[in-house]
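Each of the next two complexes has chain A plus one more chain, namely chain B in the first and chain C in the second.
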Partner chain A sequence: MRAELPGLAGQRAYSIRGGPESLLRYILNRTLRSILTVVIVFVTVFMLLRFMPLNGYFTDEMLKVSDEQTRMAYLRNQGLLDPPFSQLWRFVKNLFAGDLGRSLTVYPKVPITILLCEKIPVTAAFGAASLVLGMTLGLLMGMFMARYKERLGDTLGTFYVVFVRAVPSLIYLFFIQVWVSGVLKLPLVFYEDRPESWILPTICLSLGSIAWYAIWLRRFMVDEENRDYVKFAMVKGLSKKYVLRRHLFKNAIIPIAIYLPSDILFIISGSLIIESLYAIPGTGGLLTKAIQKQDNNLVQVIVLMYAILSVLGVFLGDLLVAFVDPRIRLTEDEG
Partner chain B sequence: MKSETVKNMDVLLRPEKFRAAVFDRTASEEGGFSNYSYWRSTIRTFFRSKFVVFIVALIGMLILMAFLYPALSKTDPGAISTNPMTWNKRPNADHWFGTDSIGRDIWARAWYGTRNSFLLAFFIACSDVGVGTVVGALWGYNKKMDPVMIEIYNVMTNIPSTVYLVLLAYIMNTSFLTLFIAMASRGWIVEARFFRNRILSIRDSEYNVASKCLGTPMRRIVSRNIIPHIVSLIIMETALVIPYSISSEVFLSFIGIGMPVDAVTLGNIVNQGRSSFALHPYQMLLPTAILCVITIAFYVIGNKFADASDPRNHV
Partner chain C sequence: MKRTVSLFLAIVLLASLACACQGPASDPGVQPTDGVPSGTGAGEAQPTPPEQAEPLEYVDLYKTYFTSEYPSLNYYTTVYGGVRGLAANCVEALVEPDEYGLYQPAMALSWESNEDCTVWTFHLREGVEWVDHQGNPTGMKVTAQDYVDAVRYVGDPLNGAYSLRVVRDLIEGLYDYYWGLDDIDSGTDTTTVRADLVASFDETVGVKALDEYTVQYTLSASAPYFLSLIEGSMLLLPCEYSYVTEMGEDFGIDNQHMLYCGAYYLSTFERDKKIVMTANPHYWDKDSVTIRSIEQQRLGDTMTTLEMFKRGEIDECVVESEEYSSLLGTEWEKYLAPNSFSSSTNYLWLDFGSDNPEFNAFIHNENFRKALQHSIDRESIAYLREPVTPSRLVRNTIIAETLIYDDRGVDYTDYPGLAEIKATDYYDAGKARAYMEAAVAELCDASGSILGVDAATVDMLPVAQFDVDGKLPVTLLYVGTDDEAEILMAQLLEVMIEEAIGADLIDVQLAFATGGFYSTVADPLNYDVYYDSLSVPYGDPGSQLSRLTSDGAENVGYYEVPEYDALIEQALMESDIQKRYALFAQAEAYLVNGAYVIPFISSLRGYYMTRIEPYTGPLMQFGSIKYKGMRVSAQILTADQLAAISSAYEEKKADRLSGN
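Right after this comes the complex of A and B.
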């Protein structure tokens, strides 16, 4: 789900002139821009969703019983044939009143707010566990690969990263579910009352982020390695291990930190594939089900939620880096 | 000892032993150029590793097979058998990789699927990178486009790609064309920004500024110093978009909004194989193997080519 890092860290850089005053202005500017982006994203996605198949607005029983005329009457009654902008206005009004509409086919007539309140905690628990696991292992692996650059450990790590990033995730996730669960005697699907059924989905969720953290940390550390301050620290007689940990790591982690807020927000999004494979009752699985059963209301809310989460994540990431990185400069660089 | 050497040198370097060289115009020109050729060095560096040669040969054979088999073989990959005896057959002489739950030949399906998926991915890659390069070049040379393009970029990349794909595939009836539209409508902006940044940084690099100051016309700078860099980037990006597109197709098939069920694509074959995996694991074996080889190979080729096209890695 995560965008690629844009080339090197420098491409995303802002330049600083002046002191805290301009930082404040930067934050204000960035906030306004994010609000604009949220509005544009929201409106675009909402308009696209107006093209959803009309059948998706009916519950199963309605499709069975009613004829064409009653259906159209129902659509008109629900305001689904109104001009898109008045539909948007109504949706926003309801949104602020805490009403997201009702599910149609997946859980007929259940309010979506209640569904989300039920699903999000499950997904978030998995997400948080895999975020911690993925970050710890990924950063350790990245440091290890940078430390033993172009040796066996690095090669093996690269194999892992290439495999995870190139092969469609569905394939290895499926084989892990089928084979590893058999070998380790772990349950094939998720049961709420069996803690051991948490293990495989959590590991699966973190496989991608381990690869992601590892490869980028390795790359930034290797980039930093040739800097003067590193050479100076080595000349002073500090051990390589110490320099890597205390000097290099802090600088190499900054371009990665920009994605941390996104990661934290996205723990509630879950994985579409993993939640369906392991039958985890979370938001990702809910979206998959909603699509398969053509539940327009549900698809709309979840897709909008994802879009807003990701705008928010990018925004917080930029803010975080503006605070964390002392070298940051606050006007946009010329490419 | 020392004076003796000097004396010897004097004997050796007597003026009558030398004669003035004749001025040769062509020879004097030759000294000014090295026989360095960017493309020759890139290709030599690229193929220096045995692993890359192996992978390129492998992918070449796979793709050749994927195009030759449908052209030469008479087996219909969609031919359904009504005779239950021919369903779920294990691999045998007639069906090299067995048949699936309605008697279709998996060997044939795998190659048709590879061809279709590869073509789809290839068209997407060409469109993404092609549009991206052109827009990126215009963007790089035209500052007025900045506000609009950056806003488009922000909006499009802020929506996670999976969500965007799912959304578009959901509102359109999926076919080759709509899947192409869904993926190509997003990819170009990412490529455009990538190429814009690269073109800007190449254009403003010191040697080009210096060359411009010395009076080199813009056309020559573009054709000699910018385009060769961009061409290697184009090849690299195309190679990297292909595995991504193939994966996206598999993902959409899994969610249930991929290609229509009767379309022969790797995504459909893998997902159909998945549903009967517990009883007939062999049905998934060949398509999955081909899929993995293709995606990994293109990923590796793209990255290795990026390394090889960097002049700093040339010998």
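Right after this comes the complex of A and C.
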């Protein structure tokens, strides 16, 4: 869950309306910087992985049943004893040939492409459903809380937000899984061929984002309420409901919209706890597991993937917000 | 406008739910389960347990679960017990145990060995075919060459076989073949051509196809236990070499990239989610296969497992001690049956080369080790895992009881030397104190200073760092994992050792390590005492005891016991079972009586509830569970029913083992 929304103030003055040439220049500039960021992140992680102790490639059980010589033979055959730069070169070469390599320890010998193709669709389906649900309910709740500020609706909404963010999630997730599933006669775990088994995990996944969207929309709407244009609209005799919907919401949604591309792109990241509870075979916890088991090949692919998604998310967020809000300019003004 | 917004929101919500309810994108690794025979009732949700009925009715669908991963299915290289379990059911070994643990023909119709058990010859049944993941025959026959090729495959270091040591060191010539290839791969040997060495396999390695259906193993040492090694080791399962070579690194990455010749084939494999084993219609003994389909699904925790069992969605569940108490007094209590046996033993390992000078001065003293041995209240420790009858967990021997029998049906642990150890109640605070005082008299001066030990800072980082003053009390560092149950056990050990021996003579300090315990604690010797468990991989006391010699792989504390080593060497060369076991028993008794290692409890834990009728399938004591012949009841079996079945079985087993 995101902790804080940075303001847009202080950014360099850009405009997407500065003509196609300046926009192209901007996109090119950002793309090059993004590529550089991804390369730096990836190479750093790749090299750091090569400094990990060799015993990390083996489980306790493997260490017990094999001698040092056998272990070294295994590592050499996996190419893990080659110099780091030659490993890096091999990875890059294979990457451009469309080969992401094979998992070392988490799913031994399984091509990483197959793993990602198996896991990403499941996680993405849940992620997309929970994003839609989270945004819809979150924004509705945010509007509701702003409209009934400091009244019962607002208090209840605030209680929900505080509850979701303060109480350890395992407590209410277990409660939902065992008790709610029993009352509603829903399956305890996810089954691909039983649509009703998708409902609880989707709701669980969206609980956090509902709170996030609600609290931030409320905050921005309350901020906007004190602006002159709102007062003017009210003085003109427009109803509060109309002003809220037609003026306040449009302006308050802008700081939130910047995160939408990232949210969409990261629907593939999954949730470790929820996927584990509902036995969803997705990507949740894949990176953690790969790091724990020192599966260098898998770690470097996931890091590369997440690095690309991160820079792409920020980039698209900037573009989106500029499209939504004409006051924000992306390209530097001439003179 | 209000209507528009409402309509929009309604559409968004519906879209969200529709998205939630649709299945994931098609999975290339997943096979449809069409054609899987369905069960006849066990799968129906049952909010309340059914009343017991006689006689039992059976179903042909078994629904179970797994908690660890099935990351890939290459059974030669996997470290995962679950994968070995699949292989045991899907790839036929030469022999298999019956329900009493006596070996019966499987792929081999018959077999014989020479007098000293160094040459084993197996005559295979003809006409058995490999099938694919849909149960279709591939046209490839299972022959003696497949068993030879399995050794060829695991003997190549490039294939990374798991737990190879026993097989590699036992089959004549395989050790040299393996390391010869490794020398070439590592560049140590630049003169030999790899292809030449590979081609020499048939001449140099002691496994041969004498004809199409006769395979012979020549071993470098007497191995009267060889049949149990076949049961326990995946490395001796057959290998269709042309197929495996064609698959290359893809062999076993999912159910479509392997072949089957056992009682089942893998019809569905959804990684980290679901596995379905379906009865192989071309299996040589298909009439003995009573469960037509076994569905396994991944479940994350014991609470979910228990709830799934209650709702009738799985047919068996483990009940840990935490959940056990919550079921007492409920309708489920009558179904709670105690797990009855674990061949794995928990030991206290002692570091004979400790960096802690105080402990190092004492650990070589037998009186000190015996003081530790007598200070541990085994039942109190067992209580943490089994609060009802903790005494059944107590185990003083290294090799488990009721596991290995000689040709007269005598339990190995009843041999002279071990029988006394088995019957001893070691916990005795008085003896512990007396032994410690004797050790102190030998190792300390009158002022309580430990002879030859100065004050020092002990560096066992990243596990612990502490100061010792070279005086009594002796500082002992016990290291455990950060698992909640193990922390409790460590605290209990601390209290009982200090109370029995006396806090004026010993000071137990605790440290807890996270991550890989072996690589952080055991291997770099960052401990004075820690606990670990070991199980017996095949039916010979030497399978465990030979690993505990002074230069043995499991001697992580680096003790030196030449008397023990000599006895083990003698026993390993002995082919007469009774003489062999007598020597092993003598050796084991020497090690335990000298308290070089301190076995204290078995790894047994918890209870279970089940629909499986016990003892209806092969008794796999060293290998993974086999479902062939097992019967699944339509109803949950009560603890009383299970106890009655068990009692009748034990009587029959005793008769069978004694040859009646």
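In this section, the second predicted complex is superposed on the first by the 260 of 335 C-alpha atoms of A that agree within 3 Å, B and C clash if a C-alpha of one lies under 4 Å from a C-alpha of the other, contacts with A are read in each partner's own complex, and residues count from 1 in each chain.
The rule is short, and it goes like this: a residue touches a chain if its C-beta (ideal position, glycine included) is under 8 Å from a C-beta of that chain, and two chains touch if they have at least 3 such contacts.
Note that the structure is a prediction, hence the values are computed from the model and not measured.
Applying the stated contact rule after C-alpha superposition, one finds that A:245 touches chain C and leaves chain B untouched. Judged by the touch definition given at the top, the superposed model places A:202 against chain C, while chain B stays out of reach. In the superposition on chain A, contact of A:160 is made with neither chain B nor chain C.
Look at A:291: by the touch rule set out above, it reaches chain B but stays clear of chain C. In the superposition on chain A, A:144 makes contact with neither chain B nor chain C. Ranking chain B and chain C by residues of chain A touched puts C first.
By the touch criterion stated above, A:178 is placed in contact with chain B and with chain C alike.
Of the two partner chains, chain B is the only one touched by A:49; chain C is not.
Touched by chain B in one complex and by chain C in the other are residues 53, 174, 178, 276, 292 of chain A. Those residues of chain C whose C-beta lies close enough to touch chain A in the complex are 1, 5, 9, 12-13, 15-17, 19-25, 27-29, 69, 71-72, 74, 77-79, 157-158, 160, 162-165, 179, 182, 185-186, 249-250, 252-254, 270-273, 297-301, 303-304, 307-308, 311, 313, 515-519, 523, 553-554. Taken together, the chain A residues at the contact with chain B in this complex read 1-4, 6-7, 11, 33, 37, 40-41, 44-45, 48-49, 51-53, 162-163, 165-171, 174, 178, 272-273, 276, 287-288, 291-292, 299, 303, 306-307, 310-311, 314, 334-335. Against chain C, in their complex, chain A makes its touches with residues 53, 55-56, 58-67, 69-70, 72-74, 76-78, 102-103, 106-111, 114-115, 117-119, 121-122, 125-126, 128-130, 132-133, 136, 140, 174, 177-178, 187-189, 192-193, 195-196, 198-199, 202, 245, 276-277, 279-281, 292.
Those residues of chain B whose C-beta lies close enough to touch chain A in the complex are 140, 151, 154-155, 157-163, 166-168, 170-172, 190, 193-194, 196-197, 200-201, 204, 243, 246-247, 250-251, 254-257, 270, 274, 277-278, 288, 291-292, 295-296, 298-300.
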